[in-house]
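Some structures are shown below for you to check.
In the two complexes that follow, chain A is the common piece, with chain B as its partner first and chain C second.
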Partner chain A sequence: MFLSVGVRFEANVEALNMVETAGNYGKHRRVPYLVEEDGRLKTVYVPAMSGESLAHAYQEHLVNEALSADLPVCDDCWRMEFYKSMNKVHLKKKVDPIPDDPKKIEEAIVKACVVEDVGGFLYAEKPPVRRSSAFQVSYALPVKSVALFATSEPQLHARHAQMDASSKKGNASEQMIYYVETGTALYGFTFNLDLDAVGVSAITSKPILDENEIKKRREASLKALFRMLSSGQFGAKLSRFFPVGGITELVVSVTEHPFVVTSPIYDDYLEKTQRRLKVLESFGEEYLFTAATGEKVPEEALKEAIDYLHEKGAF
Partner chain B sequence: MTEYEGIVKMLRFFVQTRNFSYVDRIGNALNPEPVEVALLEALRAFRSIRESASVDENGGRYIEKDGNKILLPGIPSGEEVMGFLKDVRSDTGVAKLVATLALAYPSKKENSGGDV
Partner chain C sequence: MKVKLRPTGVIALRALPQSKMRTALRYVPPTTLIGAIAYPLLHISGDRRETIYERKTFKSKAESAMGLFKWTTIKTESKPKLYGSLLKINTIYQREKKVQSAVTSFPFAVLYGESSNSLTVVYLIDEEALSESTYSTKDLERAAWGITRLGSRESVVSAEDVNRGKAKIQEVNEAKTKYAFPFKGVDIRGKGTLQTVVDWRSGIGDYSNARRIVMFYPEGRVEVQGKLSIAELDGEVIILAS
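Moving on, here comes the complex of A and B:
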């Protein structure tokens, strides 16, 4: 089963994804964006959040969900440091001695850690072993029709230090001013989860774990997504720049095979997704589609998808 | 390219501090907008770094990175920036050339301290 979620969220004055700091200036991530204006295309620079940042947040929630379901999480991931068995030092913590066979290496990692099972890993030694992530996430980008209204604006802040004349060194100042660039936009992003990949070898396509364990891991993966979206715990600087706003719209599709909802950066994404699903239906594929755009709240739509998957025996 | 020496020196400073983001964005731009944005951001960051830089006995500004002293050049002049952006508007190749020069080894020992 394949789950695909399109999310639109409004974020006012957020610093969810900061890139380099130069001196006292902290910059928001920005990407070039192609927008149409008066029938002509033009490039504008808009605030954005990287998929990496969203993926990191998701994996943190996955750690918590896995632990509360008594599922294995390795020591590195448990500390929210996602090294993902990148070398011998990290892999040795899971299996010692390290086997020569890539299949055995993958098996050991998947068995030892839900995060690396669901989020993939790259063991960059001899032999290299890589496992693709079962979940995929896009950048969060401003919705096309309003991208021109997106802003990133530096805000001035001051940090104070108490100093008497004797402790004052050179030209050190009693207050340090710094700027934090904040973004404001209606963002859209897509999140996909391939439930069939959980607990299954990427090398042999055969299950590594027993069915019961796989079902538990699938459930934890869904709960992690639910928690991430419901709590707004993703991105940086939440302690002082928790975005003002929230999810405005959300659509979910659950299909038997991979299908991705139309990107929520387009205004007609809901209708388009439905039309595309109708075509699948004509091929005899069953699916669930649900949206939280008016009456329904995002949690209700996600719950519907979880219930549907439960009914279908995914967990 | 001596007319854009100030911009080249500034970008070279970022290269020395292993921040390749500006030089890459300027060098790989397919149209003038990304060059403008990258240059604006580079100038903004450069000013910020200068403000907090140390001053040596000769009045030159410098920062220390991994134990190395890196001298800060002067801020490119308004005329130079204007000329550069105007040239980039008619030929993006100018941006590529400037970025390439910034990545190259300077041809002679430069007094990169610039203004005081």
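Moving on, here comes the complex of A and C:
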């Protein structure tokens, strides 16, 4: 079973994805948006969030869901440091001595850690062992039709230090000024989850875990996504720059084989997704489509997807 | 088979996967197109294998789908912009109390703007190879609807339309095309970009010793002269690799 979710969310005055600090200036991630003006291409930079940033947040939620379901998470991932068994040092924590057989390496990693089972890993030694991520996330970009209204603005902040005359040395400043660039936009992104990949070897195509464990891991990976969306816990600087806004629209499709909803950065994404799904009927494929665009709230649409998957025996 | 794809804005294609040089490809190479359809195709057959180990060598399972196609190419509607924001990396050496910093960037191709930015992929299916395989035409068509990404896991795309038809291969001396083609023994009139890519026939997965070919990615329609093999698909022409 394959799940694809399209999300539109409004985020005002957010600092969810910062890329660099130059001196006292914290810069928001931006991407070029190409506009045609008098037959010439012009570039406007709009705020964005990388798929990597959203993927990191998802994996943090996955750690929590896995732990609360009593599923294994390795020490690195448990600390939210997703090294993913990248080398001998990290792999040794899971299996020591390290086997020569790539199959045994994969088995050891998948058994030891839900995050690496679902999120994939790359053991870059000899032999290299890779496992593609079962989930995929696009960049979160401003919805096209209103992209030009998206802004990123530096906000001035001051940090104060209390000092009396005696402790004041030289030019030590009592006040430090810094800027945080905040973004404001209606964003859209796509998230896919291939539930059939969970617990199954990418080398032999055979299950590594027993059926029951696989079902529990699938459920945890879904819950992690739903928790992330409904709590709005993704991106950085949430303690002081928690964005004003929330999910405005959400569509979910569940299909037997891979299928991606049309990106919500396009205004026609809802109709397009529905029409494309209709085509799957000619392949004799059953599917679920649900949307939270009007009366339905995102949680209700997500619950429908869970119920459908449950009914289909995915977990 | 013609597949129309819509990007989700960003396509991250590492030019040299095994190198520290962080360059990105502006256009999608044939190997990526094969990989893109191999994933849903293998899903349909219930095969989850990604890497095949043969003694000391290893290759991508996507290679098993390679033989089903005579050629694959892509039409890129508007010119993608290569973009990588600068990142400053600070390294602090605690013992020496030294700080070192470096600037780097992870570029990617941006297909995001006012225009439609659609990508059209053509897969020229080898009917004979297909009939000898375990797949049916229907499987290939369903797989095309299931293309999820081009390259990295962030480069999510959706398949918006899939069309299938018969294409006749002809030998000609002149053709007009919007699709990418190998830049070899041809004269071109029109704008476009040259890009060196891995020759798809030398395999998928391990590119350290792979043969490279130079592809020409047109900007709009271009006129090509030379000894060409072409295929026509509802009014559009693609030039095949020799």
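Definition applied: the second predicted complex is superposed on the first by the 307 of 315 C-alpha atoms of A that agree within 3 Å, B and C clash if a C-alpha of one lies under 4 Å from a C-alpha of the other, contacts with A are read in each partner's own complex, and residues count from 1 in each chain.
Heads up, the rule we're going with is that contacts are C-beta pairs under 8 Å (C-beta built on N, C-alpha and C of every residue); 3 or more make two chains touch, one makes a residue touch a chain.
Small disclaimer: the values here were computed from a predicted structure and weren't measured.
Looking at the superposition, the partner that touches the larger set of chain A residues, chain B or chain C, turns out to be C. After overlaying the two complexes on the shared chain, residue contacts for A:131 are found with chain C alone; chain B is out of touch. Judged by the touch definition given at the top, the superposed model places A:23 against chain B, while chain C stays out of reach.
When the shared chain is aligned, no partner comes close enough to touch A:184: not chain B, not chain C.
Legend: residue contacts after superposition of the two complexes on their common chain; A:43 is shown touching both chain B and chain C.
Contacts of A:85 after superposition: neither chain B nor chain C is touched. By the touch criterion defined above, A:221 lies against neither chain B nor chain C after alignment on the C-alpha atoms of chain A.
Annotation: chain A residues 20, 22, 27, 30, 32, 43 touch chain B in one complex and chain C in the other.
Across the interface of their complex, chain B is touched by residues 20, 22-25, 27, 30, 32, 43, 45 of chain A. Per the touch definition, chain A reaches chain C in the complex via residues 2, 19-22, 27, 29-36, 41, 43, 48, 50-52, 55, 102, 127-133, 135-139, 141, 144, 189-190, 192, 194, 196-197, 200-205, 255, 257-263, 265-266, 272-273, 276, 279-280, 283, 285. The touching residues of chain C, counted against chain A in their complex, run 6-10, 39-40, 43-44, 46-51, 53, 58, 78-79, 81, 83, 85-88, 110, 112-115, 138, 141-143, 145-149, 153-160, 162. Residues 19, 21, 31, 33-34, 37, 41, 44-52 of chain B touch chain A in their complex.
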